[in-house]
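Pasting the structures in now, so scroll down.
You will see two complexes here that share chain A, one where it goes with chain B and one where it goes with chain C.
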Partner chain A sequence: MSITSAYFVFFLFLLFLLFYLCPVRHRWLVLLAGSVCFYLVAGAIRFLPFLVFTSGVVWICARQIGRCYEALDEKLKAEGLDRTAKKALREQYRKKARRLLCLALILCIGLLCVTKFTKYAVRYLNLAAAALCGRAPFHAEWVIVPLGISYYTFSVVGYLLDVYWKRYSYEPDFLRFFLYAIYFPHIVQGPISRYSLLGQELKKELRFDSRRIAFGMELMLWGFFKKLVIADRLNQFVSAVYNGQSQAGSIYIVAILFDAFQIYTDFSGYTDIVRGASQIFGVELEQNFNHPFFSKTVPEYWRRWHMSLGGWFKDYVYYPCTISHFMKRLNKWAKNTLSERGSRFTAVVFPVFVTWVLTGLWHGTGKTYLCWGIYYSTLITISAAFQPEFEALTKLLRIRTETFSWQLFRMLRTFCCFMGGRLLTRPGSLFNTRRVIWNIFHNLCPWCLTDGTIFQFGLDWPQLCLLAVSILVLWAVSMMQERFSVREALERQNIVFRWIIIFTAIFSILIFGIYGQGYDASAFMYEAF
Partner chain B sequence: MEKVIKILESLKSGVDFKTAEGIVTNKIIDSIDIASLISSLEDEFDVEIGMEYMENENFDSAEAIWEMIQELQDE
Partner chain C sequence: MTTQLRKKGIKLICFLLIFCPLFLFFQKLFQAKWIANIRDSSGLTSTWIEYRNLEPDTVDVFFVGTSHVYSAIDPMYIYSESGITSFALAGPGLREDLSYQVLKEAFRTQSPSVVLMDMSSIHFSEQQSEAKIHKVLDQLPITGEKINYALTSNSQGLPPLDALFPFFRYHSRWTNLRVRDFEYASGSLKGGFCRGHFISYKTVPTKYHFNKKVDFTLQDRDVEYLKRIKKLCEENGANMILYKIPAPTWYKSQSKSCEKLAETLGVPWLELYYKRDEIGLDPAVDFRDKHDHLNQNGCEKLCRYLIGYLEENYQLEDQRATNQQWNKDLKKYLRRLKKIKKQ
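Right after this comes the complex of A and B.
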């Protein structure tokens, strides 16, 4: 059941009725039952044990860690303990907690790695075996990738680490915790919600609020527009270009540009739909996108794009890496032997590299995503390490940094960096990436854009015009969203105008949306992760 | 407190860290600056900053950082 299908709308309507007919204090149980049903229908029954296992392991270990800290606090309260004794006691309980943490991490991350990397490993083992003995003895058909495993594993591991770092206390009720893990709007494709936010949202009294429900529906409509009218239309062109034979360079340039908008409207459209659906039930999900194409630097871009994943890697990979014993030793060595500049560079380069390579591997297991991770770690390290030089160069060239033209240039530069990253992964292999680049530089063929060749990839002239208008609407709404809440502004308008806008949106989606068989749109791009 | 302000000023010039609030929340310093900041704070005050302290509120102003350092020194 895709969230853009008619089945999902029906499911939402049914759940809505059951939810608000139920007494307030039991509504979370309706959400739990609805989420389990959604997971079974959207995925398969064989995926459920994986989710129960991961959330069960994390819940038990986090509870034991929490109890361990409670016991420590009790002992520390005892009179007559000097500073050394307290320190020894802390260390003793810390070790116990660390063992539990390691156990849970090995089981959960191990399961995630097995499901994600086995097929890739088997392919290379078979290649090696074929070279050595002429046959491929290994099989990977038994490997299944449970729906949303990357997302829910990261969510619950974040909770576990927060309990271990004493950021908040453990959840005593397993069902409450399981609801946090399986909550249907975020299980398939995120946002990777923090327990401190979503867990608390699910615990509050979920009362009927017509204004919030209307806001939720409007956000869903906007998400459907982005996905069905823009992303799926762009998908026709981009897929046709990349899946076909070698094309002219100019066609590839258009495909790269379209692909950037496609992935943005696809993923942010999904996020808007699920955030809107969640708002209908009174549960606020984290924002996952904040108009990333308005970013002026690559680090800023990653603070606005897939924010929940970026935040997760920052808090649970980058910072632990930064304050690890290895980094502390490395920093000390750098301070003693290198210049101030060199030591600052050393403090940055290793954690950034580890974080981005792991972010790449989270997205995919091939060489393309490894290169993607190295690409972004290099860009971010360069922008941090050479910041003084960039500032000096700006002064030397007498650039007026406060002007619109300079800000526009920075936005376009960041957008090009993003397209460069997509160019590494979207063509499917590094060989294809090389082919695209080669064609751009050696076979540009600019007249392919005017001689009708461009219409051979699934989009005719009216479709391209519709696309241009839709992207213009996207840009205008994004500009407004940067300044104020569009939904609140719409709420202040007269009822006639409000309904004209809402009906225009509904009919635009119904008339201009791209639908597959059985009114089921194409799969979301981030679902595969 | 003065030492904390000095370290912050070495990271980012042109900001009045004596009065600045929300320096992490408002992105005056980013996660890359925090990596350097931690290294400098640990050297200067001979403390070890653990993950339990790695929250925005502990780095959001010079005063918050100073309070965190005092807490770490008391431990």
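Right after this comes the complex of A and C.
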């Protein structure tokens, strides 16, 4: 059941009725039942044990860790221990907690790695075996990748680490915790919600609020517009070009540009749909996008794009990395032996590299994603390490940094960096990436844009015009969203105007959306991760 | 709180009152249409507009079936020769399940004495093409029967939602909308006057394969729906007849199966293949294509025979002196016939 299908809308309607007909205190159980049904229909029954296992392991270990801390607190309070004894006691309990943490991490991350990397590993083992003994003895057909495993594993591991770091207390009720893990709006493609936010949202009294429900529906409409009208239309062109139907560099340039908009509208469209759906039930999900194409630097871009993943890596990988014993020793060594800039560079390069390589591997297992991680870590390291030089150069060139033109240039520069990253992964392999780049430089064929060739990739003239208008609407709405809440502004308008906007949105999606029989609409791009 | 809730309830109702007509307008605008013209072999959309424009209870005979029916049966010819009013309720590859839907809708405004079911459809495989189903189904309003059909239409490769709301299938037609689409959506499009018949004077010589040995068994679904059609006819006081328009691709085994079925249903079986010489059909000049469709010459020969059969077996009124609407349409029809013949 795709969330852009009529079945999802029907499911949502049914769940809505059941949810609000149920007494307030039992509503979370309706959400739990609905989420399980959704997961079974959207995925398969064989995926469920993986989810139960991961959330079960994390819940048990987090509870044990929490109890361990409670026992420690009681002992510290109860007995008149001296400082050394207290320290020893703390160390003893911390060791116990660490053992539990390691056990849970090994089981959960191990399961994630097995499901995600086995096929890749088997391919290389077979290549090696074929080179040595002439046959490929290993098979990976048995490996399945449960729906949303990357997302729910990260969500629950985040919770485990937060309990371990005493950021908040453990959840005593497994069903409540299981609802947090399986909650249907975020299970397939995120956002990777924090327990401190989503867990608490799911615990509050979920009452009927027509204003919030209307807001949720409006957000869903906007998400459907982005996904069905823009992303899936762009997909027709981009897929046709990358499936080898073009050799012209100019067509590839258009495809790269379209691909950037496609992935943004696809993923942010999805996020808006699920956030809107969640709002209907009174549960706020984290924001995942904050108009990343308005970013002026690459680090800013990644603070605005897939924010929940970026936040997760920052909190659970980057920061722990910067304060690790290894980094402390490395920084100390760099301070003593290198120049000031050298030591600053050393402090940045390792955590950034680790974070981005892991981010790349989270997205995919091939070499392309490894290169993607290295690409971003290099960009971010360079921008951090050479910031003084860049500032000096700007002064030297007498650039007025407060002007609109300079800000626009920075936005375009960041957008180009993003397209560069997409160019590494979208063509499917590094060989294809090389082919695309080669064609851009050796076979540009600019007249392909004017002689009608461009219409051979699934989009004719009216479709391209519609696309241009839709992207203009996207830009205009994004500009408004940067300044104020569009939904609140719409709410303040007269009902006639409001309904004109809403009906226009509904029928634009119904008429111009890419869906239904005859179309093989693309699945959500981030579903694959 | 109650006042607020009431206000919200009224708003919701108003919203739906605007949404539903708008949706239905767009559905009519975007749905694929088959408007009769000289080149179009299946003007089903205009045929149904024409059918709905007929005065109630003026049609005495229904001819139901596939494209063979709209090629071989010319209700206006039958009317001009005998005064019997009839209508060809046919569609390309129309299967029995859809014929049932069509008849159910047709009986709402007309009460014919005779319903002739052509058995050509038993040729086709169980899986019907999606476009052919849409051609017929989209002309019918949403009823309980249609919903029932839609719920089982997945097996025919047609999603239930698309079966009920063709908008979801044809929304992408926005790039090729024509004036006629707007005329149809606004209800200003006029129907035809051929009573479901398609006129063609083309000739493609062919030959019969009747004696070729072919294994054949009637499909359960077809039998089931023919039983329902029989019941429906009985409920509406109509006599059901099974018949087969002579066609080159028709085998003895199929004929025997139909004969047996007619016996089971307790209805007459009219195997016109055996009457082909009596009718005067000549495979060298009376067919218009390789799909066994009769041309206008063959059609007129067949209609003459059917007039005789109907007059002999059923007391059908000659309406030529009284039916103004049919007389007016007949004039238009004859003009059209002349024009096509000249071409």
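Simple rule for what comes next: the second predicted complex is superposed on the first by the 520 of 529 C-alpha atoms of A that agree within 3 Å, B and C clash if a C-alpha of one lies under 4 Å from a C-alpha of the other, contacts with A are read in each partner's own complex, and residues count from 1 in each chain.
In this text, contacts are C-beta pairs under 8 Å (C-beta built on N, C-alpha and C of every residue); 3 or more make two chains touch, one makes a residue touch a chain.
Worth saying up front: this structure is predicted, and the values here are computed from it rather than measured.
In the superposed model, A:499 makes contact with chain C only, not with chain B.
Of the two partner chains placed by the overlay, only chain B lies in contact with A:322; chain C stays clear of it. Contact with chain B, but none with chain C, is seen for A:166 once the two complexes are overlaid on the shared chain. In the superposed pair of complexes, A:210 makes contact with chain C only, with no contact to chain B.
In the superposed pair of complexes, A:282 makes contact with neither chain B nor chain C.
For chain A, the partner with contacts to more residues, out of chain B and chain C, is B.
Of the two partner chains placed by the overlay, neither chain B nor chain C lies in contact with A:43. Considering their complex, residues 27, 30-32, 34-36, 38-39, 42-43, 49-52, 54-55 of chain B touch chain A.
Those residues of chain A whose C-beta lies close enough to touch chain C in the complex are 6, 210, 460, 462-463, 499, 503, 506-507, 510-519. Residues of chain C touching chain A in their complex: 8, 15, 18-19, 22-23, 26, 30, 130, 158-159, 161-162, 167-169, 171-172, 174-175.
Chain A meets chain B in the complex at residues 161, 165-167, 299, 303, 314-315, 318-320, 322-323, 328, 331-332, 335, 343-344, 347-348, 351-352, 380, 384.
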